[in-house]
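Common to both upcoming complexes is chain A, partnered first by chain B, then by chain C.
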Partner chain A sequence: MRATRMSTLVLLLAIAGYFLLPVWWLIVSATKSKGELFGGNGFWFGAELHLADNVGRVFTHSGGAFPRWVLNSLLYSAGGAVAATLLAAMAGYSLAKYPFRGREGLFAVIIGAVLIPPPLLALPLYLLASSTGVVNTYWSVLIPSVVTPFGVYLARVYATSSVPEELIDAARIDGAGDLRIFFTVALRLMSPALVTIFLFQFVGIWNNFFLPLMMLADDKLWPLTLGLYFWNSQLRDQPWYDIVVTGSLISVVPLVIAFIVLQRYWRSGLAAGSLKA
Partner chain B sequence: MIRRHRVAALLLLAPFVVLFAAVFVLPIGYAVHQSLFRVERSGLGLGPAETVFAGLSNYARVFADSAFVGSVVRVIAFGLVQVPVMLGLALLLALLLDSRAAWFGRFFRLAYFLPFAIPGVIAAVLWSFLYVPGISPLPAFDFLSADTILWSIGNIVTWSWTGYNMVILHTSLRSIPRELFEAAEVDGCSGWRIAWHIKIPLLRPSLTLTGVFSIIGTLQLFGEPMVLRSMASVISGGYTPVMLSYQAAFGLNDYNFAAAIAVVLAVATFVFSYGFLRLSSRGT
Partner chain C sequence: MKKTTIAAALVVLPLAVTACGSSSSDGPTSGGGAAPVKLEFWGWAPGYDKSVELFNAGHKDVQVTFNKLPSGGKGGYDKMFTAVKAGNAPCLAQVGFESMPTFLLENALEDITSEAGSAQGQFIPWTWNQVSLVGRTYGIPVDTGPTALYYRKDVFDKYGIAVPKTWDEYAKAAEKLHQADPEAYILNLRAVDLAGLAWQSGAKWFSTAGDTWKVAVNSPETRRMAEYWQGLIDKKLVNVTDEGYSAAWWSSLQSGKVATAIGAVWLRPLIAENAPAAKGKFAVAPMPQWAAGEKKFGNEGGSSTAVLKGCAHKKEAVEFATWMSTDPASLKNLIKVTGIYPAASAGLSLPEVDTGVEYFGGQNIFQVFAEAAQNTDTSWQWGPMQSQFGADLTDSVNVAYSGKGTLPAQLDILQGKTVEVMKSKGLKVEG
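Here is the complex of A and B:
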């Protein structure tokens, strides 16, 4: 048993190295000066720490484009995810608690949309947005971000199991209207599912690349992913490796922290996802 | 249902349904519509543009386009290797972490899942630094040649998504009643036999799910090759089907052709996913 455990541990550690070493390299590299990036031990720190220096340069590079992209990413992700969560909760609750004709048909269409990958939808969205003049505005990225079919699925499942009918009936007898019951009673009971929906949507928007790439020609509207992609694509002519490396690290930090702190919600969301099959 | 309740149900549902129609149904319909037209210019292409009905000719162009066929063959070949490798690794890790032999399960779960927190584009930027000689700490090897580039892209995708799939598989392993294994253990079954004969068959629905999502992911391959393109000249503008549709729209301004590619891809994705679901549910 002990030998099995040791060999399992060695195997797990080796695989963990594969997943962690690139991130480690990014952290170490963000502390190096541009010269130190080339040559020397890539997996260990240089003679001096230049992290503060590098961060400062990332934030002032190209006339302060980076902090603007950070704010844009936050706006798209937080704004989009809050609205998406509320809309999904309302729709999911309605589908769970009100039996109306065509309910299951509508639900099937919404679930089917989970199978449509966002990049395949981006081009049609772009064609539509450019014919309506929405293209190259904040709205062109925000509006598609507030619709999450997966969130509706999750909200419906959760509302069915965690908002008791008796509670709704009791509130009605007390004279509360249906909308008030939803906003004061049901939303609170559904809050664990809402956190999960918010997280998935936040990360989905934060990571989105294809939609903003198509929609946004103006670099003032870009999110972080698009900005870093652009800087990275210029490397052949502009060797600002230190800027791209440090910028990449900064763009990763908030999400990694959120992942570690909110592990519980991730797992419950993924567990719900695996129930679908 | 009382009328008052019906109004409430509608009010709660309407905002989502309206926006859903606006960003899912309407664009798809509009893309289908666009794919049936063609822009024609008179006078050696310098005259005024005119939009004319083209029937299915854009679709005929898509299937006759050797770049499109090449890109589809490329992503299918890619998926045939990358998806089994990634899901095999995810399954192995889920089983190892579920077995009694695993120490520090929490730490390892988090370590494997970590790359999922990194945006795909940033992951590609990060790996591209590890691929480029000079800045890379890895031993000298040409990761960006015509022979190796697809493997290098596959590595980025595998690195990003193995942990995600592992968590799904591990979570459904955890939901299996423990007594099932304990009975087998009492009968003297080894850990590997329990995994093979009990756990993997029970994981089938989850494996199907991760399989479908991985196939969808393969067909929409875009960010990684786009990022590597600035360093690897072997990646053409139409390297993958989605890149080709992007190039048609933005490089050539041929929106009708781009729309036809998008519609073909959407149908193909649906057929692949649905076919895979049917195939893997057979015999259970």
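Here is the complex of A and C:
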């Protein structure tokens, strides 16, 4: 018994180590000066800590572009995820609670859309944005970001199981309209699922790269992913390794915070989606 | 007019460019003191924005906006192609020499022969060939990448190795070094070095005659180069395990375990930045020659400012591009911030690129590069499907490096593959 526990523990530690090794490398490398980056042990700290130095350089490099990209990413991710969550909740709730002709067909189409990788849609979206003139504006990234077929799916499944018909009927008898029932009753009952959708969408937009790459020409509108990629793409000609590495480390911090803060809801939301389907 | 330009023949896949929608460059045409012509410029090199500012300050009738995008091979070119298709393309774009024929095949370039013709005399002759195809011009050269031999003076001195003037001497130096220190190698030979080495050897991998492409990746000139390096690989005198610019690549140069690097002029600040501990230990010598007393050189890198399809203000676009590449103030900025080596002949005598460099022990390394730039083989031309070819070249070379084949044999395979790929795109190919 003890032996199995020990071996399980060792196995899990090995797996954890395997996943955390790149993160560890990133943390260690972010504390190094440029010269040390290419000398000495890659997985242990150098003689001096240059983290503060590096962070300072990241934030002032290219005329302070980095903080602007951070703000843009937050705007795209938070704004897009909030709108996407609300839309998904409304769509999912409608699909769950209002029988109408073609409902299952519509739902099947939405589920089908889950299977389409978003980068595949970037090009058609770009052509669409070009002809409507929103290309190279905040809207060109925000508008496509509010669509989440997976969110609709999750919201429908969750609404079906967690918003009782009786409750809706009771609210109707008390004189509440449909909108009011949705906003005051359904939304609250669905909140674990909504947090899950929000997090999924937040992470998705935060990591989104291809869409902004296509849409945005002005680097003042870029999100972090594009900015870091831009710096990284220059490495052959410009020795910016230290700021690329440190910038990458900083760029994951908001995601870590979002996960830690919301993880309780995240877990229950995930479980709900998987079990009550 | 029997002007069967290759450009026309190339366009086997018309991309339905709707020229009407080039909104980005549709400033109101300047009539006297009217609103200035507005041009957009896409590129990635740092410092370009500063040159644009300088231009805008001195020109009231033309105003340029510089927008950044990831470098060409990392998505920048694809973005440009897409924008051309959508009718959103900027007038001006940073395009590497190696990609100009590719842009032409994608029907992404404007013919600026009549607008740019008068500027030709200001540039090093071979660079003009890099922006022209079959007598038509599509861009203005900006910079070049003349190559030289970066070597560890301290290591050479320590083992009594003389700086090699020919490739034969270089092979002997490799042997001597490796015998003296079994852990030391003369070079980390990278896949990307081979094109420049073939160029120096007199190869012409691509050329055009009428509307037909000729591919000669395994020509005798290339073969002698490939056999030479295969010989060194077989004797385990060069290191071929690294693709370059990795942490290991830099650290082996910094420690001196790799004693030389074949590199273009733009490697100079990179070595200084990434191998700070080797300060004062590096020096630069002309590339070894195939025969003693020869002066033949290849090139690695270099770029142009191209005028993209759909540009409604070609004259102004050419005016800006020429200014950026030749104006002393702009060049000084580009040399300092971007690290370019000018393609404009007059640029080579600017004090900024004719001076001792502290990192290299005060050596005026630029004299070496100036000589190389002016003696670069003029007839080298890149192919029309560069991203595919570049990837295929790297693949082929890596097979040889891994010991599963030899460089000459891999070049034979690459030759066949390249011809086949170009034919499948509908091009007329001889090979």
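Just so we're on the same page, the second predicted complex is superposed on the first by the 258 of 277 C-alpha atoms of A that agree within 3 Å, B and C clash if a C-alpha of one lies under 4 Å from a C-alpha of the other, contacts with A are read in each partner's own complex, and residues count from 1 in each chain.
Convention: a residue touches a chain if its C-beta (ideal position, glycine included) is under 8 Å from a C-beta of that chain, and two chains touch if they have at least 3 such contacts.
Not measured: the values here are computed from a predicted model.
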item	value
Combined model on chain A: chain C and chain B, fit or clash	clash
First, second, both or neither for A:S233, with chain B first and chain C second	both
In the superposition, chain B vs chain C on chain A residues touched	B
Chain B versus chain C as contact partner of A:V152, first or second or both or neither	first
Chain B versus chain C as contact partner of A:Y241, first or second or both or neither	both
First, second, both or neither for A:P144, with chain B first and chain C second	first
Partner chain in contact with A:D218 - chain B first, chain C second, else both or neither	second
Partner chain(s) touched by A:L37 [first = chain B, second = chain C, both, neither]	both
Common ground on chain A, meaning residues reached by chain C in one complex and by chain B in the other	37-38, 42, 123, 126-127, 131, 213-214, 229, 232-236, 241
Chain B-facing residues of chain A, complex	1, 4-5, 8-9, 11-12, 15-16, 18-20, 22-23, 25-26, 29, 37-38, 41-43, 87-88, 90-91, 93-95, 97-100, 106, 110, 113, 115-121, 123-128, 131, 143-144, 146-147, 149, 152, 177-179, 182, 203, 206-207, 209-210, 213-214, 224-225, 228-229, 232-236, 241, 244-245, 248, 251-252, 255-256, 258-260, 263, 266-267, 270-271, 273-274, 276-277
Touch list for chain B against partner chain A, complex	1, 4-13, 15-17, 19-20, 22-24, 26-28, 30-31, 34, 89, 93, 96-97, 99, 101-104, 108, 110-122, 125-130, 134-138, 159, 162-164, 167-169, 171-172, 175, 191, 205-206, 208-209, 212, 216-217, 219-220, 222-223, 226-227, 229-231, 242, 245-246, 249-250, 255, 258-259, 261-262, 265-266, 269-270, 273
Partner chain A, residues of chain C touching it in the complex	21, 23, 40, 42, 44-46, 67-71, 74-76, 79, 82, 85-88, 90, 245, 247, 250-251, 254-255, 266, 269-270, 273-277, 338-339
List of chain A residues in touch with chain C within their complex	34-35, 37-39, 42, 62, 123, 126-127, 130-131, 133, 135, 213-214, 217-219, 226, 229-230, 232-239, 241
